[in-house]
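Shared between the two complexes below is subunit A, which has subunit B as its partner in the first and subunit C in the second.
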Partner chain A sequence: MGNNGDENRKREMNLWEKLYFPEILHGMGITLRAFFRPKFTRQYPEERWVPPPVFRGRPVLVVEDETGVERCVACGLCARVCPSLAIQVQAAETELDKERYPELFEINMLRCIFCGFCEEVCPEEAIIMSKDYELNFSDPKDAIYGKDRLLTPASHLSDRLAFLKQYR
Partner chain B sequence: MAKVTIEGKTVEVENGTTVIRAAAQAGVEIPHFCWHPGLSVAGNCRMCLVEIEKMPKLAIACATQVADGMVVHVNSEKAVEARKAVLEFILINHPLDCPICDEAGECNLQDYTYSHGPGHSALEEAKNKKPKRVPLGPNVVYDAERCIMCSRCIRFMDEIAKEPTLTFVERGDRVYIDTFPGKELNNPYSMNVIDICPVGALTNRDYRFKARVWETSSTEGICTGCSRGCNTNIWVRNNEILRLTPRLNSEVNNYWICDNGRLNSFGHVNSEKRLNTPLVRKDGALQEVGWDEALSSAADALKPFSKDEVAVIGSPYSSVEDNYILQKFAKQVLGTTNIDFLQHSVDGDEDTFLIRADKTPNAYGAREVGVSSSKGTDVKKIFELIGSGKIKALYVMDDDIVTSKETEELLAKLDVLIVNHWVESKTTQLADIVFPSATFAEKYGTYVNFLGRVQLSRPAVSTLEQERVPGRFNMSRLDNFGSAFDKWNKGQRRNVRSSWEIISAVANLLGGKIRFQSAQKVFDEVAQTNPSFKGLSYAKIGAKGAPLSKGPVGKKSKEETLV
Partner chain C sequence: MIALIALIKVIVLVLVILGTVAYLVLLERKVSAYMQDRIGPNRVGPKGLFQPFADILKLVLKEMIVPENANGFIHALAPVISITVALAALAVIPFGNYIVVGGQKISLMIAHVNIGVLYILAMSSLGVYGITLSGWASNNKYSLLGGLRSSAQMISYELSLGLSIIGVLMIDRTLQLDKIVQSQGAWLWNIVFQPIGFLVFVTAAFAETNRLPFDLPEAEPELVGGYHTEYSGMRWGLFFLSEYTNMIVSSALIVTLYFGGWSLPYVNYAAMMPNLAALLQVVTFLAKTGIVIFVFMWVRWTLPRFRYDQLMNVGWKIMLPLAILNLLGTGAVMLALK
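Right, the complex of A and B next:
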């Protein structure tokens, strides 16, 4: 038998512990007490947790409700700041006043570490952290979120936008 | 000579030198917008204000000449305060546009605002509106809101392009740049105004919004658009060339490059017609094969012919190394003197500034290493001999020699036609064996311009054979940290090889002994055996090139200053 534990952490048991039986009762006592405590487990997925606005779920792109145009101007700062190189932005010209828009915007959710740097650096408040924490894929390709899955109306993100206004 | 002390550093400069140039010699940077070392002094931006002892007020470094014993303070409190105020003034009406602006990342105003700026504006008033997205010409788009009215673009057109086209219109905060009535900014050098514009007011129609500068790598290259061989930076992202910009070389092109070279000299590298695998004609059609098969087919095809029945055609588009190996192959292995290359001169399409009639980068070099008819048969004669059936096999390197219907018919008469080329062309369509070769951007190679200056071009695009590795390539951040699984890191790497490698391999299969490990080694042999290249090496050529040891040489070296 190998001894890979830390020698210093070994402790001699006292008499009560050596007797064994009282310790079993002690353990059952702990279990019994937990019966009468309030429950905090949840029946997921029937019961889902809605995170508070401070939560950093997967980043999404904000679309203005009135115009239906994304805020992003494809400046590329989020892609530059992203520590895990999760974001790819390809800019193109638009006829709109803002001149520039993302022709392609992809976030690789296998790379993203939910740090929120992209949200912090964005000069247009165009990429923000959503409440979505349910990410599962059966193919690495599915983990690359394009504009179709990133664009989200501002009205769905009002919590986070209000939070950012207050604390940033 | 005058002795001046700038920021505690004493330098001796010639009388009449301006303070800003003296500072550059002393290694002190003085921020500036309107001053450009290649243009006249305008002195309108006031960004280069410095404190000079015994002068009652701050002076602009770009227009003040040095005097003996002058003491200049660039970073004294007074000077720093003044520059802050100048920046705040420039920014009064400058839009907060950096996220949209193409210049961001390489913008002088952005950099100086970051390093010298006040960090806030005292003004709350709305910024004024001016014309945006104005096409000044076919290649240049102007944004008046971003323009800081430095007049560099105006001076460039007046002084360098020598075709006054641009001018200020209106006054005060309504001033903006426009072309003279009825004029368009379509000069062959017009796009240089984009590089010298210190802000994002002038943008490149071809490159607008394509990429951020920090996503790309930049590699020192040589423009292959004509025999001037302007020095360039090649900007690459995801293994694709996105743009070329001029690189300072006072012996060749100074700060400038022509629009044709900038826009059209790299199209073949990214071309859809790029050859990507060796081809061999089987049952009348060209079929894709592996390298080994193609190389041995080439050797087998050439074997039966005697030295008078074969000819080789070199290329003024290819490097010195490629042409050197080709002539070695012709003379030592094939034993023929039927060797020459095709001229590609467009008479009349030249000017007194940069553009040359010879539209190839290396005609001088090819001739110099022995791809020439001086002792053998020239192209015209080779074609005649093909016509009369005396020459039965032809090896063409990196050139499309089908210039007319007649040549097409002539080449069809050949028993064997072997071609190295980068794109599919009329010549490759007629060929029996085609090798895909590396372009200037995919290999180390030297080119000799019409002045006899040897210049080195480094690889900027990786190939299947040559992975993008630090040391050999300049790397962007994405190159450094991307993995093979990232979509944005999967840029095509083509299955091509340098022509000198291909030809050496064919030569060795025919019993030759042409063994070099790298283009650099090939060049070393050229330097040892060819008196014109005596004493030269890649290290000696460096980024700025070096003259051949004989022949016409560029004007005498000038000091090179900061932009």
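Right, the complex of A and C next:
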């Protein structure tokens, strides 16, 4: 037979193994044990996975709970750092203390690669990665998330915000 | 009248078998899933119990594609041969002794043939035609290879299959399957007298049904499905049906020849009401057959496939001599005990 590589690997089988049937029964024992082992299947639509805080899901904009105003000051760093050019920001002026706010904030989720650079670069901790991993669209236009779908109250993101605190 | 009774028996049996086959497919998927730490189909109906209907509906609705240069007639004929032969073999399987309807004894097997065992061997040999012709008519190299392998494999294993049965025939002195069951009695099943013949027979039965570890005619990784590569829709479905029907036939045959058929230890059928006894016999027989079918599936999801040369080595250099030795040994013991 083949001469490729280590000849020593070819071990002589003893009589018990050559009889073949005991080894078949041995193998069948293994599969029978597997038969009764607990299964790991998650019944997806009914049982959903809740990711840990490290998980980088869909990026969202944080809204303060008390004021109902988004943290974003429309500096445009996230749009600048985004390696896949998924983020588009248009700034406008506001009477509030922060003086600037994003008039338009769009993330194209077909371009987003979930790298988390936007979250890392953001000086206001205004754009962070959520736990949402269930993204599906029937039209490329649906994939462009505007402010209506990006704004998320901070209370819903407490896990991730607490996680990010450790690295500040 | 006799013809009518036979017709009713045929219709009932065919319907029951085809329904069983549909559920065997589900069982196989479940068994394989559980052995691979999965759950298996569980979406259609409660616990996935309606999955077979969904599968069949899908198969019926699918287009039957015939390759451009295939031989259309034989291409259509081959699956029909396969399923016909597989179902025909069931005719001589005794599912129970007899029932009494209107004072008339009706035997629970379709055909009382003197040569039941030979008939089954003949039918299982004919099964090769379905596979070989489908491989040839598809005009596809992989199908042809599958068909060739199948003919080589089935011819080699038919020999040991037949020879291993002879031991049973010598002990029971009959070729009628119901007489074989009766002569085994409640306790002294043939597996006690014929352990080697049993092993040879089971191995050959695996090869005859084209199931792993002997599924070389199909061999998905190397032959892309083998003989049924070019089949789709219900024609493919017929091959599928015949594979599972063959499995039922083989299991029923193993039970009949080696595990005492419908007989049960500690139960005296003669003392019972005939119809009650018949019901118990059928249930016993089906339960035994079910266990053997489970073993078929169990083995399939445990063992890897044989290589072609290994298959031939096992068939001709091990199984055949073993079967002949078993035959000689049986003869010698019977002569000594005489």
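What we mean here is this: the second predicted complex is superposed on the first by the 133 of 168 C-alpha atoms of A that agree within 3 Å, B and C clash if a C-alpha of one lies under 4 Å from a C-alpha of the other, contacts with A are read in each partner's own complex, and residues count from 1 in each chain.
In this text, contacts are C-beta pairs under 8 Å (C-beta built on N, C-alpha and C of every residue); 3 or more make two chains touch, one makes a residue touch a chain.
All values reported here derive from a predicted model rather than from experimental measurement.
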Requested in this report: Considering only the touch criterion stated at the top, classify A:Leu96 as touching first (subunit B), second (subunit C), both, or neither.
Outcome: neither
Query raised in the report: Is A:Val69 contacted by the first partner subunit B, the second partner subunit C, both or neither?
Result: neither
Query raised in the report: Taking the superposition as given, does A:Pro140 touch the first partner, subunit B, the second, subunit C, both, or neither?
Result: first
Report task. Examine A:Thr41 and indicate which partner it touches, taking first as subunit B and second as subunit C; both and neither are also allowed. Result -> second
Query raised in the report: Thinking of the overlay built on chain A, is A:Ile30 touched by subunit B (first), by subunit C (second), by both, or by neither?
Result: second
Query - subunit B or subunit C, by number of subunit A residues touched - result: B
Query raised in the report: Which partner does A:Leu77 contact after superposing on A: first (subunit B), second (subunit C), both, neither?
Result: first
Report task. Check the residue A:Leu19 against both partner chains and state whether it touches subunit B (first), subunit C (second), both, or neither. Result -> neither
Report summary line: Per the touch rule, the subunit C residues reaching subunit A in their complex are 31, 34-39, 42, 199, 298-299, 301-303
**Report entry** subunit C contact footprint on subunit A (complex, rising order)
**Finding:** 21, 24, 27-28, 30-32, 34-35, 37, 39-41, 43
Query raised in the report: Within the complex, which stretch of subunit A touches subunit B?
Result: 73-77, 79-80, 85, 88, 91-93, 98-100, 106, 108, 123-124, 140, 144
Requested in this report: State the interface residues of subunit B toward subunit A in the complex, per the touch definition above.
Outcome: 98-100, 104, 132-133, 208-212, 214-215, 478, 481-482, 485-488
